[in-house]
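Shared between the two complexes below is subunit A, which has subunit B as its partner in the first and subunit C in the second.
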Partner chain A sequence: MTIIYKKWWKILAVLLVFYTLISGFLFKVPSKVILNESIRNVYFHVPVWFAMLALFGISVYYSIKYLRYGNETYDIVAVEAVNTGILFYIFGLITGMLWAKFTWGEAWSGDPKQNSAAIAFLIYCAYLVLRSSIDEEQKRAKISSIYNIFAFPIMIVLLFVLPRLTDSLHPGNGGNPAFGKYDMNNQMRIVFWPACIGWILIGVWIATIRYRIRNLENKTINKLNK
Partner chain B sequence: MLEWRSKYVLNGLLLYVFATIFVCYLSFKTTQPIVWNVLFWIIMLFAAVNAVAKSFIQESNGRLLYYYSIACAPAIIIAKTIYNFLLLLLISFTAFLMYNLVFSNNLGNPLLYLITIFLGSLSFSTVFTMTSAIASKAGNNGTLMAVLSFPLIIPLLMLLIKLSKNAMDGLAGSVSYDEIGVILLINVIVVSISLLLFPYLWRD
Partner chain C sequence: MKKFLLITIYLITSVAVKAQTVEMADVLRSSGKIYVVVATIAIIFVGLTAYLFMLDKRLTKLERNK
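Up next is the complex of A and B:
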């Protein structure tokens, strides 16, 4: 956990995101019908989803840790990761809807992956509702950790298995390969993967700041109670 | 088992389903095939939430303590799930007969439809038993049960509706192996996570 106080990866995150901002708009991209220049959105839309998944994954990891060791700070990490994940969910949805507006014609075209994303959002809202419905701290931490772990695999199925069974406008669905040979060329990859790492790091950074604030708040409350 | 002693619960549930079907019948009269299919699953969804929500909430504290002393946690979640599965199986098959009686509709592949109902009862029982346990620990709240379980059941429900649509259109069983496989797989995942997590929920 000491790594969250280190500076180097935060600097790296900022550098990577600035690099993708610049190179994402300036580098050459393959011209494709329908997509045209909007293909550059892949540098922003997809990495944001990756960051969301990473945050939800961290949250589940810390929920498991909480159940095993019963340390209260693990629960704070889990909930702050979910809060930040929801923020990134909203970014991902907005970038996706803008992109869909220009390429598929409508912001919400009933694509299976869009619908699945909306349901995944409901799951995490349910998690937050569950948390707010319990007053007792330890009980809240325990029950919400259990729900978090229970919901995560179902969300993975929802986002990555079900859309593949039906026809979808997203690449990688309806039997198409995702991130396949003809989706991206090497010139795009040198922007895309740094973008993913950069946004994941930024997401983790926001989550750690929120965690540290919550931790300080808790400490002050405990001090005042004494 | 536990709720079997209070027979009025079962009768109440059956009456609930029949009343719902009859209300739908009186307001729809006749339906198109797609509406027929979806309506059936929505009726089953609400019946299942009502049936399974009771499995933990209705238990008194003393009785929970008694179970705690005689059985280990995995045994209890398995027993509850099996009981709910049988209960839902009974309810859904009677509901299906009644539904077929009032809404006439020709099924292309009745066997596959029955298999779908079987899988549906299984999925509802596995997911709802665990969420009802969570909801009951969080303060016996009926709304919470719906909020927690609906997003989790949606993927299964979509698969079930697709599978039953295949059955209605009379497609051969081999077309639907994918869906059946995924439904079973999700159920296996859900049951195994329930087994892992329930002990933490159980000891207080």
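Up next is the complex of A and C:
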């Protein structure tokens, strides 16, 4: 894990996001009714969810690793990835509500996508509550790792499978393929994908900083105990 | 009868005109809703920087304890 101390990918993250901040406003986008210019939100609202997904994915990976090798640092990585993922989750929910207000008419219209996003959010909040309710370290790490492994596929189903089976206002649901084949052209892709990579890297960066701080805290606690 | 017809025509057209001008005079719906995008970026940026300050505070605390 020496890569977390390297600088190049952090610079890459900043450059990619900075590029999308400029090009996201200036490049041409398809004209659509109701959406109007707010279609540019695809460059900012969606990548935030990509970052959340990447962080929760990393968290599950390290939870599995923890259960396999029993190394405490893997558990710390898992929890800090979730902590950062929750931050991006909140960004995604709030910006989604703002966008919904001006395109669907209401910030929260009880849309299947919104409702399942809220449920999945609570599932991840429960992960953090579960952790803080167990004092013994190994027990906490083990139980929360197992919970995390179950929470991830449930979150995926709630966010990306169930809303697709019913009618939803959100693109990508009710059978229509998101901002995929029909809504997104190549002009948009050259902004969208760099934005996704950039925001994922920024999310990972924040998670590594949290991880390093947590490591330091644990070391000082251990020193005090000795 | 003529008056009645005129009034109904007036009413219908006025309703139609009203329906066309649904676009309200608020900032976020002006200029093709571009300010929705601006607000989105503002939310993310303010949130991120607030978070950074929190992290910074946590780190400062640690450094003081050493």
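Here, the second predicted complex is superposed on the first by the 225 of 226 C-alpha atoms of A that agree within 3 Å, B and C clash if a C-alpha of one lies under 4 Å from a C-alpha of the other, contacts with A are read in each partner's own complex, and residues count from 1 in each chain.
Rule of thumb we're sticking to: a residue touches a chain if its C-beta (ideal position, glycine included) is under 8 Å from a C-beta of that chain, and two chains touch if they have at least 3 such contacts.
No experiment lies behind these values; they were computed from the predicted model shown.
Student: Looking at A:Asn41, would you say it contacts subunit B, subunit C, both, or neither? Reply first, second, both or neither.
Tutor: Only subunit C is touched by A:Asn41; subunit B is not.
Student: When the two structures are overlaid on chain A, which partner does A:Leu15 contact: first (subunit B), second (subunit C), both, or neither?
Tutor: The answer is neither, since A:Leu15 touches no partner chain.
Student: State whether A:Leu98 touches subunit B only (first), subunit C only (second), both chains, or neither.
Tutor: A:Leu98 sits against subunit C, while subunit B stays out of touch.
Student: Is A:Glu217 in contact with subunit B, with subunit C, with both, or with neither (first, second, both, neither)?
Tutor: Second partner only, subunit C.
Student: For A:Lys139, is the partner it touches subunit B (first), subunit C (second), both, or none of the two (neither)?
Tutor: After superposing on A, A:Lys139 lies in contact with subunit B but is clear of subunit C.
Student: Considering only touches as defined above, state whether A:Leu130 meets subunit B (first), subunit C (second), both or neither.
Tutor: It touches subunit B, and subunit C stays clear.
Student: Using the touch definition from the top, say if A:Ile190 reaches subunit B (first), subunit C (second), both or neither.
Tutor: Neither partner.
Student: Identify the overlap between the subunit B-contacting and the subunit C-contacting residues of subunit A.
Tutor: Shared contact residues on subunit A: none.
Student: Which bits of subunit A are touching subunit B when the two form their complex?
Tutor: Checking each residue of subunit A against subunit B gives 67, 116, 119-120, 122-123, 126, 129-130, 133-134, 139, 142-143, 145-147, 149-151, 153-154, 157-158, 161-162, 165.
Student: Okay, in this complex, where on subunit B does subunit A touch?
Tutor: Counting only subunit B, the residues touching subunit A are 130-131, 134, 137-139, 141, 144, 147-148, 150-152, 154-155, 158-159, 178-179, 182, 186, 189-190, 193-194, 197, 200-201.
Student: Which stretch or stretches of subunit A touch subunit C in the complex?
Tutor: Residue positions touching the partner: 21, 24-25, 35-38, 40-41, 44-45, 48, 87, 90-91, 94-95, 98-99, 102-103, 206, 209-210, 213, 216-217, 220.
Student: List the residues on subunit C that touch subunit A in their complex, please.
Tutor: 28-29, 31-34, 36-37, 39-41, 43-44, 47, 51, 55, 58-59, 62, 65-66
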